[in-house]
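Below you'll find a set of structures to go through.
Shared between the two complexes below is subunit A, which has subunit B as its partner in the first and subunit C in the second.
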Partner chain A sequence: MVCALGIEGSANKIGIGIINNGNVLANVRRTYITPPGEGFLPKETAKHHREAILALVQASLKEAQLKPSDLDVICYTKGPGMAPPLLVGAIVARTLSLLWQKPLLGVNHCIGHIEMGRLITGAENPIVLYVSGGNTQVIAYSNKRYRIFGETIDIAVGNCLDRFARIIKLSNDPSPGYNIEQLAKQGKQYIKLPYVVKGMDVSFSGILSHIEELADPSKRRNKRKKQQNESEPEYSQADLCYSLQETIFAMLVEITERAMAHCDSNEVLIVGGVGCNERLQQMMGIMCEERNGKVFAIDERYCIDNGLMIAHAGAEMFKAGAEMPLEDAFVTQRYRTDEVLVNWRKD
Partner chain B sequence: MMPQQTVVSKVNESTIRVPFDTPEHAKIAFRVLSVDQEPRRNFVQKSLSLEDDVLVVHFIADQVKNLRTAITSFFECLLLCQDTIKLFGEQPQSQLNNNAGTQSSADST
Partner chain C sequence: MTLEILKQGAEGRLYIGEFKGESCLIKERFVKKYRHPDLDTQITRQRMKAEVKAAGRCLAAGILAPRILHSDLNTHKLYMEYFGKAQTAKHFIQKTVAESDADEAKQLLEVLCTRIGSIIGKMHANNIIHGDLTTSNILINPNLTDYDVIFIDFGLSHYNQATEDKGVDLYVLERALLSTHSEQPYLFEHILAAYRQECGKEEEAVLAKFEEVRARGRKRTMIG
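This part shows the complex of A and B:
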């Protein structure tokens, strides 16, 4: 029996989760939402987290009906992510660890997503597509590591969506990606966009610049000092959202399918914030059906960054005997998925 | 202003002394805040020490601007650590009333 409290704050979400031997006891979260057209910046996000985190810790203990003494381990996100918000979680985790005299463990954010996805769906050994605002990776487990088979070579898929939402001034509430998904349902015509798959890797920044010009042709005229012919069609926002989603999701499905073929696997698990997009799940489902495979997807409670996944991954590490002296409880902006030795998996 | 050579050897310094309710709490803050290193490009040296229930932090920087940045971010961490201790730590009896205004600590122990 391991009862773990997890603190996640690597991006604009601050979340606390408590898990006891695989049973979810509490999962509370607050999101820093910026006005339309604006992204979240490290300093302001850290301030938001500082103001929310202690009340969330209290709320999680109340929801779980636990006393601090019932916990076995405190877990926090060590990286990757933005340093100032990460540090908020780390400071509170260290302080609680010393106050309550509980061991402390730093967890890789990506590993948290993968382990949470496996716990919720029961997928044994899936190909993992990890898609969020900061990461885009196709991952397969082999020989005690989660190996990255393919990834983005520039910006993450969620970053591409978020920034497009900013360009067309969509609301960031509850999330820019959700609002794009809703608007895309009204899209009627597909606009051809660049399709950028390079081997097992993908690239989104060129697509973003391209669609940016389509969405706001006035910008292009100023930039290049060239009059465009006025006959060029104006695209509706819905069509742009629809076309962007179709294109970038098709790219993701392609590299995932290739990873499945390479590893001779017929299970796919989608995790990360973009993973709760139902169109992506649907497209992945079609691909899997054709290969007689199965797709595992989870809902926004566990897909979007949350403290529970950190608690769960930390609990797995704790059970496997992981220890972390306080001096090593720092945060790091770069922390690759394959740096972690996955010694809690038996296969 | 010409006398650059003499200015170069001079340093900007600052010492902050933070008293805590108990030596134990001061020690916790000391250990929590000692973990994070100053960013290398900041050119600030930070050293923490303990004097019973007082946390002593000493900053040395080549520029006042860097000193300010380092102190500002240190205070952000310090305040968060202090708030966490206040809310979840055991309070000495005499101190309980002082925190009544912030948040209830009734169910924290």
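This part shows the complex of A and C:
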């Protein structure tokens, strides 16, 4: 029996979760929401987290109906992520660990997502598509590591969506991706966009510049092209959102399918913030049906960054005997998924 | 005529069939219902054409590739040469590692990597970019004395002189080897060494670009 408290704050979400032997006791979260057209900056995000975190710790204990002495381990996100917000979580985790005299563990954010997905869906050994604002990876487990088979060679898929939402001034509440998904439902016309797949890797930056020019012709880089295309039809925002989603999700499903064929697997698990997009889940479902596979997806409570996933992954590590001396309890912006030795999995 | 399905690959279904009396492999890129019909048609046509063209270009350059016997854009089917005794390089590597002792396996795999590297070098010298270099897309086909190394799956290929594309091609292969054959980290260096011998006069420029693409990839190690 391991009861773990997890603190996550690698991006614009700050969340605390408590898990007891696989049972969810608390999962509270607050999101730093910026005005339309603006992204979140490290300094301001850290300030938001500092103001919210202590109340969240108290709320989580209350929700779980636990005292600090009931906990076995305090876990926090060690990386990857933005340093200032990561530090907020790490400092609170170190303080609580000293104050309550509990062991401390730093957790890789990506591993948190994967383990949470496996816990909630019960998927045994799936190909994992990890899609969020900072990451786009196709992952498979082999020989005690989560190995990266495919990934983006430039920006992350969520970053592409967020930045497009900023260009067309969509609201960031509750998230830019959610608002694109809703607007895309009204889209009818499919606009041809670049489609860039390189083996099991993808690239999104060209698509973003292309659609930026379509959405706002004044942004055209090539002046001559600008004059020529003056008569070009204007596209509605809904059509742009629809076409963007259709194109980039098709790319993601394709590289996932390629990884499935390469690794002889027929299960897929989608994790990360973009993973709660229902259109992506639907497309992945159709692909799996066509090859007698199965897709596992989770909803926004567990998909979007949360403290619970850090608590769960930390608890697994703790059970496997992981220890972390206080002087190693730092944060790091760079921390790849395949750097972690997955010694808690038996296969 | 119903055909027996051999395998469902990443791009389509593979059947054994015949064309004008010759036994052949039929690759059907069936309609993928998950993607928009316009996008699906565009991708399927593009990839079928790419596959036919690249296979032809390889053969013309003296590189082994499956001969394309016939292509039918309307039924999305390609009829091509079938290598019944072949296995993928992925299986070959895994089998060699499992069946031989470490030094012997290393030696056998070095020979294989040298051959793979020279073929990729030759392809690039002829401006053929494969686009999806993995050990699943390389066949080991036994012949009388030894084996032939045959590249397949040219759906993502294109014809380009740009060093960028060649660099990305190498990067995709390096990543595929690191993830698929993580226990044999020496494979890629042998491929690269042999590649340098064959890739032609642009060797330095391509390798510089490759390093640049790698560095771009390393930047991606941050932000979760």
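Before moving on, here are some points about what is shown:
The criterion applied here is as follows: the second predicted complex is superposed on the first by the 339 of 347 C-alpha atoms of A that agree within 3 Å, B and C clash if a C-alpha of one lies under 4 Å from a C-alpha of the other, contacts with A are read in each partner's own complex, and residues count from 1 in each chain.
Everything that follows uses one rule, which is that a residue touches a chain if its C-beta (ideal position, glycine included) is under 8 Å from a C-beta of that chain, and two chains touch if they have at least 3 such contacts.
All figures in this text were calculated on a predicted structure; none of them were measured in a lab.
The superposition on subunit A brings subunit B alongside subunit C with room for both.
Looking at the shared chain after the overlay, A:Gln58 reaches subunit B, while subunit C stays out of its contact range.
Using the contact criterion defined above for the overlaid structures, shared-chain residue A:Glu327 touches subunit B, although it does not reach subunit C. Look at A:Arg166: by the touch rule set out above, it reaches neither subunit B nor subunit C. In the superposition on chain A, contact of A:Glu246 is made with subunit C only, not with subunit B. Of the two partner chains, subunit B is the only one that A:Val88 touches; subunit C does not reach it.
Contact with subunit B, but none with subunit C, is seen for A:Trp100 once the two complexes are overlaid on the shared chain.
In the overlay built on the shared chain, the residue A:Arg50 is in contact with subunit B alone; subunit C does not reach it.
One of subunit B and subunit C touches more residues of subunit A, and that partner is C. After superposing the two complexes on chain A, the closest approach between C-alpha atoms of subunit B and subunit C comes to 16 Å.
When both complexes are aligned on chain A by C-alpha atoms, no subunit A residue touches subunit B in the first and subunit C in the second. If you check the complex, the residues on subunit B that touch subunit A are 28-29, 31-37, 76-77, 79-81, 83-85, 87-89, 103, 107-108.
Contact residues on subunit C toward subunit A in their complex (touch as defined above): 8-11, 30, 32-36, 38-39, 42-43, 90, 131-134, 136, 156, 168, 171-172, 175-176, 178-180, 182-183, 213, 216-217, 220-224.
By the touch criterion given at the top, residues 10-11, 77, 79-82, 109-110, 132, 134-135, 140, 142-143, 145, 147-154, 156, 190, 192, 195, 197-201, 246-247, 250, 253-254, 257-258, 260-262, 282-284, 286-287, 290-291, 333-336, 338 of subunit A touch subunit C in their complex. Here subunit A touches subunit B in the complex through residues 46, 50, 53-55, 57-58, 61-62, 68, 87-88, 90-92, 94-96, 98-100, 326-327, 329-331, going by the rule given at the top.
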